[in-house]
Amino acid sequence: MIGAILFIMKKSPATKPAYVDLGFAKVDLQRRHRQGHGEVIFAPGKTAAQITAIARELIKREGFALVSRIDPAQARAVRKSFRKSVWHETARILTIGQQKIPPLPGFVAVLCAGTSDLPVAEEAAVTAESFGQPVKRIYDVGVAGLHRLLAHEDGLRDARVLIVVAGMEGALPSVVAGLVDRPVIAVPTSVGYGASFGGVAALLGMLNSCGSGVTVVNIDNGFGAAFAAVQINRLSIK
Amino acid sequence: MIGAILFIMKKSPATKPAYVDLGFAKVDLQRRHRQGHGEVIFAPGKTAAQITAIARELIKREGFALVSRIDPAQARAVRKSFRKSVWHETARILTIGQQKIPPLPGFVAVLCAGTSDLPVAEEAAVTAESFGQPVKRIYDVGVAGLHRLLAHEDGLRDARVLIVVAGMEGALPSVVAGLVDRPVIAVPTSVGYGASFGGVAALLGMLNSCGSGVTVVNIDNGFGAAFAAVQINRLSIK
Amino acid sequence: MIGAILFIMKKSPATKPAYVDLGFAKVDLQRRHRQGHGEVIFAPGKTAAQITAIARELIKREGFALVSRIDPAQARAVRKSFRKSVWHETARILTIGQQKIPPLPGFVAVLCAGTSDLPVAEEAAVTAESFGQPVKRIYDVGVAGLHRLLAHEDGLRDARVLIVVAGMEGALPSVVAGLVDRPVIAVPTSVGYGASFGGVAALLGMLNSCGSGVTVVNIDNGFGAAFAAVQINRLSIK
Amino acid sequence: MIGAILFIMKKSPATKPAYVDLGFAKVDLQRRHRQGHGEVIFAPGKTAAQITAIARELIKREGFALVSRIDPAQARAVRKSFRKSVWHETARILTIGQQKIPPLPGFVAVLCAGTSDLPVAEEAAVTAESFGQPVKRIYDVGVAGLHRLLAHEDGLRDARVLIVVAGMEGALPSVVAGLVDRPVIAVPTSVGYGASFGGVAALLGMLNSCGSGVTVVNIDNGFGAAFAAVQINRLSIK
Amino acid sequence: MIGAILFIMKKSPATKPAYVDLGFAKVDLQRRHRQGHGEVIFAPGKTAAQITAIARELIKREGFALVSRIDPAQARAVRKSFRKSVWHETARILTIGQQKIPPLPGFVAVLCAGTSDLPVAEEAAVTAESFGQPVKRIYDVGVAGLHRLLAHEDGLRDARVLIVVAGMEGALPSVVAGLVDRPVIAVPTSVGYGASFGGVAALLGMLNSCGSGVTVVNIDNGFGAAFAAVQINRLSIK
Amino acid sequence: MIGAILFIMKKSPATKPAYVDLGFAKVDLQRRHRQGHGEVIFAPGKTAAQITAIARELIKREGFALVSRIDPAQARAVRKSFRKSVWHETARILTIGQQKIPPLPGFVAVLCAGTSDLPVAEEAAVTAESFGQPVKRIYDVGVAGLHRLLAHEDGLRDARVLIVVAGMEGALPSVVAGLVDRPVIAVPTSVGYGASFGGVAALLGMLNSCGSGVTVVNIDNGFGAAFAAVQINRLSIK
Amino acid sequence: MIGAILFIMKKSPATKPAYVDLGFAKVDLQRRHRQGHGEVIFAPGKTAAQITAIARELIKREGFALVSRIDPAQARAVRKSFRKSVWHETARILTIGQQKIPPLPGFVAVLCAGTSDLPVAEEAAVTAESFGQPVKRIYDVGVAGLHRLLAHEDGLRDARVLIVVAGMEGALPSVVAGLVDRPVIAVPTSVGYGASFGGVAALLGMLNSCGSGVTVVNIDNGFGAAFAAVQINRLSIK
Amino acid sequence: MIGAILFIMKKSPATKPAYVDLGFAKVDLQRRHRQGHGEVIFAPGKTAAQITAIARELIKREGFALVSRIDPAQARAVRKSFRKSVWHETARILTIGQQKIPPLPGFVAVLCAGTSDLPVAEEAAVTAESFGQPVKRIYDVGVAGLHRLLAHEDGLRDARVLIVVAGMEGALPSVVAGLVDRPVIAVPTSVGYGASFGGVAALLGMLNSCGSGVTVVNIDNGFGAAFAAVQINRLSIK
């Protein structure tokens, strides 16, 4: 048991508290040490004031804050408190400050099947970039027009990791995984109607993919896919 | 109202009874007149004796009977009563006699994604052939190895109708529909495990296909797909 | 492999680019060559400006654009940029210009069960007409009043393909398929409440239809049904 | 509160115990007084010995026992203990003795769509008959061959209540309810495959029936439908 | 076949057309003859003008119209066109004129479990009353306080049919069916949250009721339950 | 962090190892200290030899082992290795040795709705007894015959905790919770057919219970309910 | 039967009526005697006037009323009629007056995984407090940062009952149940997106918890969990 | 387009055919070039003869074959044809020959929650090892006994990728992801009963994991997880 305890403690430098209690939230200050990145703020259900307070705390200690799924009203309100913020509108992300991290090698390809998948694809792309990961965007390359996909030879061949975003039947990751020998992270989106059931059809399609090496994240979870891609690529510099 | 009645009656030649009552079943003798084919015997849940009785009735009046989803024990038992029967084992079909119908033009392509989809694909192929429809089989061409699919240039280009059979994520119909401008009938199969949910993943994938002109039948319903293909192709000779 | 490549390339006349990249979308310019029709614009989730831009591109090269699922506000905004547009309000379709295609033979019957199914039925009817396919509308003929259906003798007997639209229990395609020997394309609608589960009850009913030759499209997918019907009927002139 | 108590007590004649405790079961002896019929034995999960013991108790006090869903092995074993038993094999019912009840007026029609629905239809028919209710059987009249249904003019017109049994898409009750003005009790069956999901498709179809006056019981519940029909018809002699 | 045809025709007096075509709807004028009541107008998805037009047609020929699921705005607009209308606000029903039908014997009890079930219970009660059926309302008698239910001795004992409305776990019909020997029609409501899944929990509970003679209608379908009760009770005067 | 570590360590007496590694399993030897009971052996999927090995280890250190969900073949094989074992056949439990624990106060009532629920009810009853908890069994008291339930005045009134086991619609816990002011633990069972969906109907009914203070465990989880009841009752002696 | 009747009657003091009928609701006045607490008002679907009327009745007889799930508009309107009300905004609870009940021993711990679970956690905490139960709040301690949970040594060790609130994957109750030997009541919340399906993922996770002694309530049902905890803890003073 | 074609062709050395057609299967001979590994044989639904034929072909050209999900009867029959085969019984894998691949750096940790998850965990471990990847097994470390997990300090800290296998509530990946900063691949298993729904509860739990960087594969898909881990780790040597 002592081992486990030491293992956790070694990762927490003595001079840093475990978390800051803001009353409505406990901001985790050890996450960078345990997981390699500071805490991220998920905006839905939070007031602009709460987002601002958490962000301020993170900026003070980490120099960087990323707010995901922020809506325009929240974004406008929060930006009033920070000078160096960038609002990625399509990605629904607000970044404040900049992470002091070494750039990651190569690039991650972010593909999406249709234009309606753009918000999720951009959430993935902007997240990866904010973690120091160069990204190549390959959008609107759904399987109903294979030539659009095949035209992106370089992006497919040289990507270290591929994030493949698709709604409806979610077939794109299977096709991509058949063409490359790199990790493919599939992101189902809630794009579709009727029997798409809010992304369930795409999710099931991706979980049942006949393509080897495909792993899947939650519906619309562009952030999670990007974070996994960064973790994967970071292995090469360890 | 009279119109509707005449409409139905015209289709029923006066000298033919509407159906034969075997006690446990009413054999529909007007189906050929209403729907262009004689009745088909669905084997599950029927005894070999019942199948034989219905088949005998159909042979007497139509000269042909098709038994679908027949298992080996049923097939062996039923075949004892008929001299001219053919047992298509993989397709789980027993045909007795031969339909007197003019051959249909061109060919229907039957594609399947993996070897486990063979029984359903064969059910479709044998059904279509027994209705006078030439068939080209293109098997084991799942999307994880696109080159196997693209190698079948002729089959894809020249088919009048394409029946595309796939389990797991069911992505093949979307890819095929993007390559051709002919009707594509998608057949989900119950092949898979876990989150395939007995074919639901493939079914939903096909219903949400981004490929234009894809229509879908029930899980494992190779017969239905073949029958629809025959109806479609028969339009050209009317 | 070469065959497959040639096969795809032959279909793409050398003088035409593969697609136009508008930044937010890649307009597929080969679809007419691969699938027999130009690209269609699905309005939900697009701004009026984006719809207008894509439509302009299509008009420039194809002379025709069809926007589906357009809402009144989008329709009014987009129409300001085009002189020759027709807004089919019930069908939620905006057509701009006219396709230069030869008329298709015979007619397609579009049936619907209740008045609430009208938007989906009209989406199917207007789509088919815009592809040169004459249409006969047979509306409000649900199975609870069979005489209303049977009164349409001519429409049922002479249609080359039947598109049958129904919500709630979705029983109409089964009844229709029992009366005719032509392809029936069933369209479940999200009409209903409670255990209709947004069209699932109708969808399952149609997938399990005991009527031969019934194929199914996604819930509310009037466009898909019409496109499949046109593809089927076009076979006769090839 | 006193009222409610008296209300229940009046129904329980003082000389009769409330129930008999057999150790593994409490045989309800007041059911006839509260619900108009003695208790029924549901065979699945019971040993032949347990069925025999409960039946013996019921025979002693009621002169009649009905065992439902009994399989051949159970039936053979139980029949050894009773001289006057009838085994309705298709209905999977064993009746012992006979109810002393006045016959009910008119007849109940039991319809079923296909031959695979026979066990459920027979469960309904035999149950109703054992409660003194004359029954007319109208079997194998699915909606894909409407003429078979319409041929049964008398059965449909004169039935006091109609029990309509169907699997697959379960469309028959809707069609029947549109033709008659009597109560229709719909019984979905687990007949079908793939997207029938063990009777769910038929169940949903019936719950969403556009036919007025259709009520529904559980999948395969022929007994429940028959019991409800008997209760309905018994109103006329009260 | 002739029999079936005559059977339907006899029910349609020669001097009356089969239906009136209003362009957007076919008003069924034979329903009273086939099903014992005139057509009913389901308001959702119809404009006030459409409701008014259909109602006018029904009033002209039947002297009575019932509009169900009408919202306040529709009700206010439609009432401007008719002098003799009654708006049952909780029941969401508008009745215009009065049916000329003989009163039905006894009374139907309408029970509901909680105050949130009132709209559905009232839909049932008002519908039954408009068909000449006296009704006794027994509301807010959920199983968590059995004494409230048992206090209604007379209502339970003397009702000819019982309509039992409940959301959440939907246990009330089982308890009621154990106390009476009359037909019980169970109506699940969409009342609840979380794992009630919009009424599914109540629906499943009712379909699995251990109480004999319980039949079920769609979630929130107070109209259907009332109509079935009226059909049942009408048997006694035939 | 130190606090948390001490907290866990205080509970683990220094002289005892954390677990024993049997190769195929790690037998948790701290559970009694963390959770108040030794580890329990879940039989499905284990060989008789594996069960015997784990039981031997537990007997050596705890003097007691409880094997749940054991089938007859496993039970017979395992019992050969232990002299003091008791096989509770209906409960599918094998106990070896005896726990050295003080008896718990009062009694827990275990109720079940029907005879088919007996295995789950007995699993709960035997488990509670093996933890020193007196139990009163009140079986076969489903809501369709309320008088059977109400006859058990003492059992209901004086129980400290009530475990209520029911399949089908799962209504019994709601009714019981309305009669008592003690904790009610509801156990849905997989008893039923058709729309019971293997216990889902009962589970949903219990989760939506209108009775206050009802909590729920997994389908068929008699063990879990008993263990929770014991934990609750043990509070009174702390 | 007499026993059962007396049992219920003994609990109802003769001088108190069984319920008050307000027309739209029957206020249960015996609940305190049957279940140990007065009736609670569930606000959704009630007008402010209805809430006020029921609350007035409860205040008159019980001196206390608790309104749950009240929204800001309702709260503001209802508070105008009562001087001594407290609006717990996050908990969405309005309490009027105060219960005259002895304080319960020890404390109940209310844990939640994330800040979005606060409304449900507060509903539980405020409810428990209003029933005389001291509460310790341990918020924002999700399993992704175990050190935050383990830091609350005292809260975990000394709680008599633990209410554990979590959305998304709902893993917190399993971890907590592995650390303590007290009853754990798990509350899934509808927090999450995509495949959380409105709390279903968390609900299923908790029902399948490998932690012993975990029981579960409906999604978002903080009130029910608190009420069960109070019932459990009250056992110790009986 | 030429680019895409070249891209695919470059990967296929000219001297090697695209695939071998065995009649019942097309053995993909380019997979190693496209995806970095030879084709794998999925045993279910194949005869021993078919498995042998495909394996022979792979051995001839690749020197190695891996058969997954092989049952004992298949394994025994297939092994008769190959001298150098190893049957990994728990993993249900048969390997024939050995891959000529350089060993991968570091190790992959394979964790599982309970002993019933062993077959899936072993499928992952054996697969990874057969691709040259050293593996550390950390089994039976479910979240109900956290100390068992924390005892494996080295395995958790130093693993390059972690494959976390769990059934029931599937909480282990969330806890693990909170402790490490490496890629976590979660594998839900079908272990459980009742509301585990064959692994759905675990699958949903993992998709909704609050732990960053968790990706998910299909239920029981140990092979897929291992293959993804190998692809990830192989990046470091490229």
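Each chain carries a letter (A, B, C, D, E, F, G and H) given by its place in the written order, and its residues are counted from 1.
Here is the rule we go by: a contact is a pair of C-beta atoms (placed from the backbone, for glycine too) under 8 Å apart; a residue touches a chain by one contact, two chains touch by 3 or more.
Note that the coordinates shown come from a computational prediction; the quantities given were computed from them, not determined experimentally.
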Partner chains shared by chain D and chain G (touch criterion as defined above): E, F
Chain located farthest away, centre of chain E as origin (C-alpha): H
Separation of chain F from chain H, taking each centre as the mean of its C-alpha atoms, in whole Å: 37
Between chain H and chain C, distance of the C-alpha-averaged centres to the nearest whole Å: 43
Interchain centroid distance [CA atoms averaged], chain B/chain C, Å: 25
Contacts with 2+ other chains: residues of chain D: 1, 5, 8, 12, 18, 34, 145, 147, 151, 177-179, 194-196, 200, 203, 207-208, 212, 218-219
Touching residues on chain D, where the partner in the complex is chain B: 115-116, 118, 139-141, 145, 147-148, 151, 191, 193-196
Contact set on chain A toward chain H in their complex: 1, 3-8, 34-37, 40, 147, 149-154, 156-157, 160-161, 177-183, 185, 203, 207-208, 212-219, 224-225, 227-228, 231-233, 235-236
Contact set on chain G toward chain H in their complex: 113-114, 142-146, 168-171, 174-175, 177-179, 192, 194-197, 200-202, 204-212
Residues on chain C engaged by chain A in the complex (per definition of touch): 8, 12, 18-19, 24-26, 28, 30-31, 34, 42, 44-46, 50, 188, 190, 198-200, 203, 218-221
